[in-house]
Every structure is written in structure tokens, then in C-alpha cells.
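Below, subunit A partners subunit B and then partners subunit C, in two separate complexes.
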Partner chain A sequence: MKLWIAKCFLLMAVLAGGGQAAAQANLEINTPGIAAIQGSMQKRHTELAPLYGSGAVGLTRDGNVALRDPASVPLAQRAAVNTLIAAENQDRAALYREIARANNHPEWEAEIRSTFGQRWIDRAQSGWYTQNAASTWVKK
Partner chain B sequence: MNELKSCRYTKRMALGAWVGGALFAAGCVTINIYFPAAAAEKAADRIIDEVWQLKGGAPAIPVAPATNSKPATQ
Partner chain C sequence: MRLARLCVAALLLCLWGIVGHTQQITLTVDDVTGAGFSAQGIRLTFVGGGTTAIEIGALKFGEQSWKNIRLDCNLLRLEREGVACDDGTLMLAEKIPLSFSYLTDKRVLNVVLKPAKDETWQLNLRPAKGGKDVSVKVAGGSVLRFLPWLPGSMPKLNAGVLNGAIEYNADGRISAKLNASNLGFADAAGLHAGEKIGLTIDAQVEPAADTIRWNTSVTWTGGEVFWQPVYLKAALQQLSAEGRFDGKALRVERGSLKYPGVGDAAFSGTYDLAAKQLTQGRVSAPSIRVAALYESVLKPFLDGTLFADLRTEGRVSAEAEVNANGLQRVDVRLENVSFEDKAQHRFALFDVSGNVPWRAEAATQADITVKGGELLKMPLGAFAVPLAMNGARFELKQLRVPLLDGQIDVRDFVARSDADGGYWQFTGGVSGISMDKFTAALGVPVMYGTLDATLPMVRQEKSTLRVDGALSLKVFDGTIEAKNLVLLDIFGKAPRVQADVVMRNLNLEMVTRTYSFGNISGRMDSTIIGLELVNWEPVKFDARLASSAGNYPRKISQAAVQNISALGGAGAAAAIQRSFLRFFEQFGYDKIGWGCKLQNTVCEMSGVAGEDKPQGYVIVKGGGIPAITVMGYNRQVSWQELLNRIKRVTQGNIKPIVE
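Showing the complex of A and B:
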């Protein structure tokens, strides 16, 4: 009886080890859906980059972009810039959702978003505006 | 009488081991659902590299066109 229980525990320990190893693996990001969103964001970046540089648009903590300084955008272009920001945030939301779904964990979406939020900010160029922990704009 | 008692204890111990084992197994499943933060960061970096075109070292950020910056000539 005791031997049997010991065997049972050994089996569980082996299973647990395998589970932990699986959790360390990479996230799946090579799906057609993710690639399409990525391509659309890459194309849009050529339009967004000058806006990041001028400080008109900044990177928020929650993994989005936002109009930081409306005054720095000429009135005639403001609607176009707002459309650009809305499209970018829509793509970003879809990206976070798609990554969570591609890994069979839709409930990870919020954590993926916050991970991206931190990485976009960490990797932003100097001169761009990002939000700090208190959600105030800071120039990098 | 004593023999019966000891048999009961063994049964109880076996039940305890079973419950403990079941809890342990449940714990292992929980480990599997933990969010893999390091893997997510790596995935984010790979996508940011692509979107911002940061792969070739120097970032390929186009300079804002200097339109309307000429002084009026009249």
C-alpha cells in the first residue's frame, strides 16, 4: 500500500515537472491573423512616427496610443490624426486578443496588453512621450 | 478489537494520502495556467521589432517632411 502511494507521488512529481516546462515555452505569435494585424500596424507606423516625434501622440500605459497635445496638430489635420489613433488602438486590441486566443488562453488578454504596454514604453525612442506609473506624460 | 482499530487508522491514512494527492495534482494544474510573463515579453519584443522596424539596429523612422517651413517670399 505504502509503495503504491509512493509511486503515485512520484508520477505526480514527474507530471508537475512537465507542466512547468511547458509553461516556460514561447507564446505562439505566428498565425495568419496576428501577421495581418502586424502588417497593418507596420504600415500605419510611417504615419504615426512623426506624430510620436512631435509629441502630438504618446504611448499610454495600457498598451494604446493617445492624442497627447492636440494643439501641436493643425486643426485641418486633427480629424485625420484622431482617425489614425482610433485605427491603431483597434488593431492593438485585436492583436492582444488574437495572441491570447492563439495560445488557447483568451483570459490572458489583459495581461498580454499590460505586458505590451510596458514594452512599447520601454522601447520607445528618446523624445517620444510615454505615460509613467501615475499616468502622467513623460518625455523619454 | 485492537486489530480493527489499526485497520481503521490505515484506511484513514490512505484516505488522507488520496486527498493530499488530489490537492497536489490540482496545484500542478494551477501552475500550468499561470501567465508566462517572460514568454509574453519575448513575444511583445518580436512584434515591436516588426511594427517599428527595429531589427536592423538603427530604427527606420522617417523624418517628418519639412513642408510649409519656407518663409513667405513677397
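Showing the complex of A and C:
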């Protein structure tokens, strides 16, 4: 009986805390800030797409992008690719933050990030590399 | 160790005779230890016919250890002159063909290892006065053999071939001439990597009283290196240095870096090994080409800043000195340095020249002159920058930059940096700039009048820019004041601006002439409270426009009436009493009033205060003859729809239709 009550409380805590953001956050919300970030990401995508295709860059579980296979990027282009990745991750962090802010729940940022992380991975084109639950690179 | 070796030698010679008569003799030797070296479980097996095996159970050399090493020699020749093995095999981690000879009378040991095809390592030990001379010669040596000795923290070597020789003399002199080619390294993250690197290394070490004198020269002959964020290609860059080492400090007495195409630098310094600190250092780089320095060294560090893509020219000379307390002196001399924002043309400075003599603990003054420049495509005139410096504090009493036909004034600029980061502030303004030239240069609708603005106090801390007091601007014969102005995250992706704006007594004739809106004569006050911009787009404000108090001609043209009506939506246009008013070009009015409270992308509109009618609100209250009243009926409009209407109206897409 006691265990059952404890389980109920645990379930309630999970629903009230962690699950709430994903369930209630409006991920499609639009503000000028979000539009600006999305515009900047969209512009960058034309440069990132061939790197996803070649497997040089992959999508991480935590909603970022990462240099998966450095050896496939010539040294002369390494800095530009690293800059591209850093800028993309900066935008992604800003996007998660802005969406949380626009939902009037800045504290949801981490969960919005993980929801988006899964979303990007689900939407990745075949042939791209994404991280699985064990953070291992898998070709989609 | 020496005793053990003597015993082994004696035993070997004694056993030689015995082996001739028996099938096999096995001999076990005690452990042998020496400085940084130990061998355990040594076993020698002599088989008839000269075949010999030497086994070592465990060998330790420095930090490295091996187990079960075996040296097989097919024909060990034991002769009067010495011992030789022409055809041996060393079983280490791999099988390494080996030959050696030891001349007993001359006490010369020669060992040749051929671990791979085209790879030879040759060791030669010979007695000399006071000890032994040692030489190591390598041809086609793989650098990967050093992997176990390299610290795991550095990027991993993945290729490379060594050729050359190292000579050690019994008197302590060491000289090395080495040539590395096809050298490669990389770390897992790909942030540090090198490919096909060629280096020639020349180094000498020579003992002197209490110290060691050393000199070295390294030339980078080929390949490329990426060391986040810098990418460099070999261009025969040469690093040379000489100095002393006394066990406590490494002293560079003369150092030089030659970088073909960029320039040369000279350096010296002392590094304290116990304190792990540079206790004294000096570097001087005369006449460096700014363009080459920018492209190959600076640019990668400036990515993402205003200076990410510049066209540069000119020369710069620099000298710097450090001691145990840190940077003490920097002297920079600029010679006709020019730079401009290559792609976006946001700014440029031409022919910047002068000296910047910075001292850590003294007040100095930089005298910099600038011959001209550009700001947002507007020409800047010549100006001087009398920058006063005192350690981490920089001050500029007055800076006057000519812009178009007026000037930008910066007064009492103070910048300082401390442990918490940077901070700067200034007061100033712009004055005497013709609005028509200014607006034409910015590519916005041409306005008339003179631009005079006062900046009371601008402060920047971290990524927030704050304007204390009111930023006031004189335009359209009136004033615009921005108060409580705060810019957050201004260099970020979604900069935010907060302000309250008050406009007084704007000449409506000048305003309406600027935007093709039809003509209104009169005066207008406006307040925008709680203005909030995100990424330079308004998300929130409470704005009100109202006719200024006082006596002045109040006329509004037919076209302006139509446009105001259009702003209010289709309903408002119907309010015009078309029947007879269409014959008039302009009308009289008593008051104009309009409000928009923007929140959640919706603008809540209102009209002249106290004039609301049951069916709507009054935007233009008629007065005089002929009078006209314009009403608004829709109280709520989406901000985007209102913007579209304003755009259509100001672009003149709506022609007044007078029926």
C-alpha cells in the first residue's frame, strides 16, 4: 500500500515537473527573436547540408551538431567548418532559450532542447549521421 | 651494472671453449640495474654451431617496460678481436632484424637495427676521454616508434619519417641534424592536426661553466597545420634561438622568427622552471605587413566579430616586454594602416598612423592620426585620437570626427578592464549634419533639416549598452528624446532594445513631405512608452500621437485624408463626406490623434482623447472651413496588417480617389 502511494506520488511529480514542458510548450511559437534565429539557421543550412551528407558533421542527441569525422575535412577548411558548427550550436541554444522564454517558462529550456534534439534526429535525411541513445554515431 | 657486465663478458669468453664440445649451455645472469634502467631474468643459451639466444624476462627503460625480450643470433662470432652477430633477430613487440659487433680491443660497439624495409637505426658507442662518444644515425626512421614515450595529452602522431644523426660527445657536447618529412598528427576532435609536414632541425648543446649553452634552428619546409582556429601552410618559416640552461631557468638570449611574406620577429626571455613562469621576455617585430598578418594570423581569431572580413594594408611595428608581474610595455607604431569592411562596407579607416606607447605602470599618450574613413557608407574626414593610457585605463578627453557636413563628438571616453571584464562609457553627440545628405547616404526616405543629437552618457557593461539621461535628436524642426534606453545582447542573434520615446512639436509638413503621404501642415507631439524591440522589430509599446498645443495653421490634404482613412481600414474611408468635399484639395482640422498599444502582435487603436463616438474613434477632428472628420471603426488590428497598410500608403500605392 505504502509502495503504491509512493509510486503515485512519483508519477505525479514526473507529470508536474519533467513531462509538463514537452506536453504544454508551444514549440511552433513565433516571435521576432525566434524568426531571426530561424532565418540565420536556414541560411547556414545550405553550407551544412553537404557536411551532413558526407558524414563530416552529425546531429547529436543533445540538440547540437558536431564534427563527427574531422579527417574528411581538409585542414584548410577545418576552421571554417568549426566556425559553422559553433555558430549553428549557438543559434540552436538561442532558439531553445527563446522558445522557452516565449512560452513564459525559461526553466523549460533543457527539456525543449532534448525534444528538439530528438526531432532533428527523426527528421534527418537518410545517409546522415545521428547519435543513438548510447551517444554512438549511427548512419541513418 | 659495470660489474655485472664484466662478469658476463668473462663468462662468455670462458664458455666459448665449453660450447664447442657440448650441445647446449644455458646461463642465468643476476638482475642488472642502472640509472633508469633494469633488466631481470636474463638467460643466455648457447647452442653448438654459434647459434645463440639472449632472453630478458623484463626490461625497464625509463617509464617504458617490455617483457620476454629475445635476441636470436644465427651465428654469434666470438673472436679474439671481439663479438659479432651479422644475422640476428630482436623479438620486441615485433621481430626486428639486427646486427651488432663489439670490438674488445677498441671497445667499440656497433648496433644496426632494420625494423622495416628502408628503415635503419644505427648506434655507435666508442670510448673517448672522460667517457664515451655515442652516435645515432637514422635513415627512414618511423617517428611512430616514439609513440610510447610521448605524453597522451598531445595530439597523436600518425605518420612521419626521420633522417639524420645525433652525436653525443663524452665532453657533454650534443649535436643533432635531423630532417623530418611527411609528418602528421591529429587529435580526436580534429581541432589540432598537421599533414605532410617537413622540418629540418639543427641543434647544438655545449656545456659551459655551470650552464649548458644551446642553440637550435628549425625550418618548416612543407605541409600544413591546423591549430584551432589558425591554419598555416609551410613557407620556409624559420625559428632560431640560442641561450643557456642552468637547470633552474631556460634562457633565450637571441631568438628570431622569420616568416616569409609577413615579416620577422626577434625575441628573448627567461623561463623559470620551478615557478613555471616567464620571468622576463621581450619581443620585437619591425615593419610587419598588416595584410599578411591579418590574413594568416589574426583573421581566424576575429571570426564572428565586426572585423571578420577586412581589406587591410599598411605596416605595423611592435615591441613588447613582460616580467614576472606580467605585460610591462607595448610599443606599437602604425604606418599608413588602412582597413575596411570588405563585403558590407559598414566602416573603414584610411591611413592610420602614429605611436601607441603603452606602459603597465605609467601614464602615456598615444598620438594617432587618421586621414579619413567611412561609416555606413558616409565619408569621415581626417581626425586625431589623443588617447591617454594608464595601465588598464584608457581615456579620451575629446574626439571630433567629421561626418558629412557635420561631426561626431565623443567626450570623456573612459574604458577600463578588470577581473570582471571590460567597461566603457562616454558622452557626446552629433551636430551640424544635413539630414538630406544623412538620409540619402543611409538610403532611407530623404528628410530635411539638420541632425543634432546629444548623447548624455553611454555605458557598456558586458553585453548591455545603457544610455543614462535622454538621447535627444533635433529633426523635423522639433525634438525627439529617447529615455531609459537599454540595449541588451546587442551583438547577439536577437538583440533587445528598451526605451521610452517622446517627440515634441514635429513639423508635420516636413514629416509628410518625407514620406509620400499627402500633405499635412501643423505640429505633432508623440509618446511611445515601454517600447521594446527584439531583433530591431517592435514587440511591445504604447504609442500616442496628438496635435501639439498652440496656434499654428492646421491643414490636411485630400491625399493625406485618404491615406489616414486607409490606415484605419476599409471602414474608415467610408466616413469621408465625399459628396461635396471631393472638390477641395485641402481641409481644415482641429485635432489629430491616434494611439496604438501593441501587445502580443495586436495593436489596440484609439483616436483623439475624449472624442470617442459610439460607432468608433476620431482620428482627425474637423475644424474651420471646409472641415473634415476622419473616423476609425476597427479598434484592433494585427501589427503585421498595420505594417502592410503603412507600407502601401507610404509607397504611394494608394491613390486618393475623389469621386
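As a convention for this text, the second predicted complex is superposed on the first by the 112 of 140 C-alpha atoms of A that agree within 3 Å, B and C clash if a C-alpha of one lies under 4 Å from a C-alpha of the other, contacts with A are read in each partner's own complex, and residues count from 1 in each chain.
Here is the rule we go by: a residue touches a chain if its C-beta (ideal position, glycine included) is under 8 Å from a C-beta of that chain, and two chains touch if they have at least 3 such contacts.
Bear in mind the structure is a predicted one, so any value in this text is a computation, not a measurement.
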First (subunit B), second (subunit C), both or neither touched by A:Q42: first
First, second, both or neither for A:L27, with subunit B first and subunit C second: first
Contacts of A:N89 with subunit B and subunit C, given as first, second, both or neither: neither
Which of subunit B and subunit C A:P50 touches, first, second, both or neither: first
More subunit A residues in contact - subunit B or subunit C: B
Subunit B versus subunit C as contact partner of A:W120, first or second or both or neither: first
Touching partner for A:W108 - first (subunit B), second (subunit C), both, neither: first
Which of subunit B and subunit C A:R78 touches, first, second, both or neither: second
Touching both subunit C and subunit B, counted on subunit A across the two superposed complexes: 34
Partner subunit A, residues of subunit B touching it in the complex: 10, 14, 17, 21, 24-25, 27-29, 31-48, 50-54, 59, 61-65
Complex contacts: residues of subunit A adjacent to subunit C: 31-37, 40, 67, 70-71, 73, 75-76, 78-79, 82-83, 87, 90-91, 94, 98
Residue ranges of subunit A in contact with subunit B within the complex: 1, 5, 8-9, 12, 15-16, 19-20, 22-27, 29, 34, 38, 41-42, 45-46, 49-50, 53-54, 95, 99, 105, 108, 111-112, 115-116, 119-120, 123, 125
In the complex with subunit A, residue positions of subunit C that touch it: 186, 188-191, 193-195, 224-226, 228-231, 233, 300, 303-304, 492-494, 496, 534-535, 537, 539
